[in-house]
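Chain IDs A, B, C, D and E follow the sequence of writing; residue 1 opens each chain.
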C-alpha cells in the first residue's frame, strides 16, 4: 500500500547514491586544489547544515548557537591530540558524545522556551562558550591551538599535501548526515519532530513526548555537528575560538538549509552546493579590492534567494512544492 | 446594492465556484445555503477580496470592487466575518472591538456600534479584558460578529454565524441579524441552519458544486420539496 | 574596592544601560512589538552614525541638531526597507522567522558592503561637538555629558513609544497586524501601511540613538555588530510586546555588565549579561514583562 | 626569462579590520612603484625598472581577502599559489591567520614574509619558509622596559604598571610578554585588564585602571578600542602619568584624528618614525608617495608592510629565479644595511628561525601633533616628556 | 455494573478570578456515548482539557480506567487511551493529511508500515481517504475537523473526546457524522462529546450532562434533559421549549 510514498523514498535514496558516486569521481578530474578545497568545504557545510536541519528544520527548534557544538568537536579533538596524543578518530567520537550530552543538558532548561526566547538563548549560550574558550588558558585561549602536522597518516588523519582524503571524509560525512536524515524522516522520530514543530499542544494530545523529541533531535544534531567540527580542526590544523565558535558559524550553518529548503531532505545539501562556492568565489575574485563589493554581491544574493523562494530552492525541483508555494502566497488572505 | 456577476474563483486551478451570479438589494437579508464544499465560503471570500475571482465582476453600490485590496473593500462598507473568525488572539476583547472601529477613530463614532454589540452579546462586556484566544468557542464567535459590526458596515457578510453557538443564542443571533437589518444594514449570510435562517431571510440562493442551483424568496425555498429533502433532512 | 569605585561603576553602568536601552528602543518596536526579526538593526545604527558624522563633517551640524534630521532620514529608510524587502519576508508563511532572519541578514551584509564602498573602512569620529568630552563630576562620581543626554533621550523615547503604542489606535493596529496580518483587512487596515510606518518609526528611533552614539563612539562599517546582540538580549530580557520591558531590560543589562566587570575578568563581562538573560527566561519564559 | 613576477598579498579586506587591509594595499602599491619604476633612492631595487636579476621582470601583486579567518587565509593562500602562481606571499595583519598561511607556504615551499605580525610565537614553529624582517612583541616590549629602566636611572618614579590588553592573540601575547618582563625586571603589575575587543563600553575597565592608578598604563589595543579607551578615560577623569602603548591602534591616524587632543605625550613603540627623514631624506619622499595614495603618513604597520615587500622582492631578485627554494636561500642570505631601509633598523638579516633580530624597535612620543623618536638613545631626537602633558 | 471508564471527582479549574469548572464530578461508563452540553463558556472545553491533561486541575482528581491520572501529562494519558479533538482545530499545517494521522498511529506502533496502514484505514473510515496527500493547511474547516477525529482515532483510544466536530454540517451531512460516531462507539470506543446542535445530540447520546457556569446543572436521559426547565432557561431557549 501507499506505493507512491515508498517509491518516492526509494527514488530519493537512488538519487543520493548516484549523486554520491558522481561526487566521488569528481576529484579524479578536478585537480586544482583551490577547487578541491571548495568542494571539501561545500560537503562539510552541507553535512553541518543537514545536521542543523534535524533540530531546527524538522523539530522546529531554531538554533543559532550550533557553533558551540562545532567548536566543542574541534576543541575536543585538537586538545586530546595535542595534549594527550589521542588519535583524532577517538577525539571525533568523544567530541560528538560530549556535544550531544551538552546539548541535552542545555536542552533541559531551554526547551521550555518558545520562539525568539529560545533562539536568543541559543545565541547567548554559544556566545558564553566562545568567551569561556577565549579565556581558558589551558585550551590555548585566544592563541588557539595549532595541530602539528608531520606527513601523511590515516591514523592521525593528517594529509598536509593532499586534499583527497579530506574530500572523501567530507563526502562520507555528508552522506551519513543525509542518510541519518533520510532514515529518521520516515521513523517515529521524524513524525514526532514535525508534529512538535507544527503544533506541540496537538502533538502531546496524540501521545508525542514533546520534550524528549526535542532532546533526541538536539542530541543527534549536536553529535553530527561536533564530528564536523572535529573534521574542521584536522582540516585546517589550527583553531582558535573565533574561527570555530563565532556567531557567524552558527548563521552559516543555518543558511544553506534555509536557502535550500528548511526541514527538507535535500534542502541543506542543495543550499550548500550553491552557497559555499558562491561565498568562496565572490571573496576570492572580488574581495581583494577592499571595496566591499563581495559583501554587496553576497548579501544581495541572500536577500534575493530568501525572498524569491521562501520555501527554499528545493521548490524548483518539485512540482508539489511549487504548488504549495502558490497556495501559501494566498494563505494570508482571509479564508 | 451588491451585484455578483458570473464570478468564477479557483484554488490552484481547482474551480470552487463557477459563473455564480447573485444580487443583494439594500435592506435585504439574503441567505446562501448549500452542501459542504459547495462554494459558499468561496463566494463570500470573492466578494470580500480575500480571494481574487478568476473572472466575472463584483459591484457594490455601482462601483466595481473585484480586484480591490481587501482592506479597501472593507473600508467601502462591507464587513466580513469569516468561518474561522480570525480574531487577534493575544489582544483583549476590548482591543479587538476597538480595532473594528479603526476606520472611524473617534469615541463619538464608537459609541453607537459598541452599544449595539453589547446589547447583542452582553457576555462580551463581561470579558472585556480577557485575551481573545482564551475565550470559549462561542464567545469567540460573538466577538467576531461584534468586531465586524464595529466597522459600521452597510453590508454585513456572515459565514455560518451560528457555528458553535448554543441553541438559545442561535435564535438570538438570528433575531439580532434581523435587528441589524432594521438598523439599516444589509446582510448576506451563509448558513447550514437553513430552517432558522430562512425564517428571517428575504431571499435565498442555493449553491451546489460551485453553481447556483436555485434562487428565490425565502418562503418559496423553504417549502420547496427538493430543498426540504436534500438540505433540511425532512 | 572602595565604595566610591562601586558607586562610580554602577553609575556608569546605569548610564550605559540607558544607552543600551536607547539603542534597543527601535528594536523593541520592530522586534518586540511587531514581531519581525531585524538582523540589520546594528547596521541601521551604523548608517545613522554615518549620517550624523557626515552632517557634522560637511555642514558642521552638531549631532544634537542633526538628531531630528537623522531620525527623519532613518524613518524613510526604515519604511523603504520594509516595503522593498521585509514586506516579502513577512509574507512567507512557512518558516517566516528564518526568512526574516536571513533576508535582513543579507541586508546587513549589503549595508556593510555599501558603507565600505562609499565611506571606506576608515574609522571616523565626530571630533568636536557641544557635548563631546564634557563630563560632570558630582562628589567624585564622573558622569559624561553625552551619555547623560543619551540617557535622557532614551527615557523620552521610551515614554513616547509607550504612549504611542498604548494610547493610540495606531499602536493597536500595529499589534493586530502582528497577530494576524491577513485579518487586519477585515477591519479596514492596510497592513503594509501600518507596518511600513512601524518600521519607519523603529528606524527613526535607531536614528536618534545613532546621533547620540556618534558623539562619543567611533564609526566604521562594522560598528553595529558590537551593539546588535546586546540590543536583542535587552528586548528579549524585558519581554516581547512590552515597551517598558525593553527599558527595564536596558538598565538591567547596563548594571549587570558593570557588576560582572567588578567580579570577573572584564573580558567576561558579557557573560554576566547572557547569564542573567538565561536565568530570567528559565524562571519566566516570557521575559520580565513580556506579554508574548 | 620570466617577464613578470607575481607575489601574493593576503590581508583582511572586509570585516572589522578591513581598514588595515586597505591601508596595507596602498603601502604595497607604493613599494611596487619603487620596485617597478626607476627611483633615485638608496633602497634595494629602487634604481632601474623591475628586477634586474630576472632581466627587468616586473613585479605584480595579487591581493586576496582572508576576512580574518584562518581557514579562509589558508584557502586563499592555496589559491594564490596554485592558480595565481605566486612565487612568494606577504601578509597578514592577524596573527591567527599567519599561522595557517605560513603552514600552507611551508607545504608548497613558497617563502612567506610576515610583514606586520608581531606575535612572538610565529617564528618559533620550526618553519623553513617563514621570515619576518620586523621586530616582534618581545623585542618591542623589551625596548619599553629598557626605556623604563633608563628613565628610572634618571630618577623618574616607575614602579607600578597597569596592563590593558584586548583578548585576541595580539593582546594576549603582548600582555604575556609584558608580564614576564615586568617580573624579571622588578616592576609591579597592579592591574592586568583583559577586555573583549570591540566592546561597546569600557567604563568598567577604565574604572579599574583608575583605581589601580599605576605609574604607567600599557595598552595593547586596536584602533577602535583605543579610541574608546581614551574617550572613556577622559570621561571618567582618569589621567595617567604616562601611557606606553603597544603600537597597533596607537599608531593609527584614525585614533589621533579622533582623540589626539587627549593624547599629548603618549608613547608608543614602533619600528618607524618620520623624523628619520631628517637623517635620511628619502624616507620623507617615500612617505609623501604613500601619503598621496592613502592620505595618511606611514605608520608602524604600513612601513613594515612596505619593507616586507621590498625585502621579498630583493630576495627574488638575488635568487634570479621564482623557484621557492631558491628564493628561500636568497632570503636566508639577505643582509640589507639599515641605511637602505626606511626604518631605524640596524639591518635586515634573518636568524635560523627566519626572524630579523637587528630590527631595533624605537619608542615614539606624540608631541605637538606628530611623533618624535625618544628611544633608544642612538635613534632619539628628543628627550621623553614625562609625565605626559 | 463495572466501574466507569472515566470519572472526574470534584474537579475545579480557576483562571485568575474566573471559575471555569467548579466541583465537577461526572462519570462515563464503558461503551456509552455521553453528551456534554451547556451554554457558551460553561466550561466544557476546559473540562476536556483537564481530562486530556492539557491543564492540571486546580483541585480534584481524574480517574481513568481505574487509575488516577491527574498527575499524568497529556502524552501519557493518550497512551492510556484518551483521545481528543480540539474545538479550535490544531492540525499540523505543514504536513499532509496522512502524515497528520500517522503521528497519532505512532502511539501504538513504531513500525512505520503498520502506522501508515492504520492511518489509511482511519482516513477511509472518516471519509478523508481522497484527501490523504493534501497539505493540512489546504483543508477547509469542516475537513479539518474530520482530520481531528481521524487523528484521535488513530491513537486507538478507549475514550474519545469530541469537541464540536459536527458543527458546520448541513443536516444531511450531520447525519453521516452521527453514523460515524455510532460506528466509533460500535467499534468499542466510549465517546464523550460536546455539541450545540440538539438535532445531532439528542438522537445520538445515551446520556447528557449539562454544565452551566462551570457546574453540573442536570444529568440524565437526553429526552428528560431537554425538558428540564433549568436547561431550557440556561441553554436551550424558548424555541426548544416549544419543540420539546
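The working rule: a contact is a pair of C-beta atoms (placed from the backbone, for glycine too) under 8 Å apart; a residue touches a chain by one contact, two chains touch by 3 or more.
These are the chains along with the protein names UniProt gives them: A, C = Branched-chain amino acid ABC transporter permease; B, E = ABC transporter ATP-binding protein.
Because the structure is a prediction, the values reported are computed rather than measured.
Taking each chain's centre as the mean of its C-alpha atoms, the one that lies farthest from the centre of chain A is B. For this structure, the chains sharing the highest number of C-beta contacts are A-C.
Centroids built from CA atoms put chain B at 49 Å from chain A. Averaged Cα coordinates give chain A a centre that lies 43 Å from the centre of chain E.
Per-chain Cα centroids separate chain B from chain E by 28 Å. Residue positions 94, 137-138 of chain E are each in touch with at least two other chains. Among the residues of chain C, those touching two or more other chains are numbered 93-94, 112-113, 116, 121, 182-183, 185-186, 221, 265, 267, 270, 292.
Multi-chain contact residues, meaning those touching two or more other chains, occur in chain D at positions 14, 18, 21-22, 167, 194, 196.
Chain A makes touch with chain C in their complex at residues 62, 64, 109, 112-117, 119-121, 123-125, 127-128, 131-132, 134-135, 247, 251, 254-255, 258-259, 262-263, 290-304, 306-307, 310-311, 328-329, 331-334.
Interface of chain B with chain E (complex): residues 11, 33-37, 41, 83-84, 123, 134-142, 160, 163-172, 192, 194, 230-233. Looking at the complex, you find that chain C touches chain B at residues 169, 172-173, 175-176, 179-180, 182-191, 241, 291-292.
On the chain D side of its complex with chain C, the touching residues are 14-16, 18-19, 21-22, 167, 193-196, 198-201, 203-205, 207-208, 211, 223-224, 227-228, 231, 234-237, 252, 254-255, 257-259, 262. Against chain C, the residues of chain B that register as touching in their complex are 49-50, 69-72, 74-75, 79-82, 86-91, 95, 98-103, 105, 147-148, 150-151.
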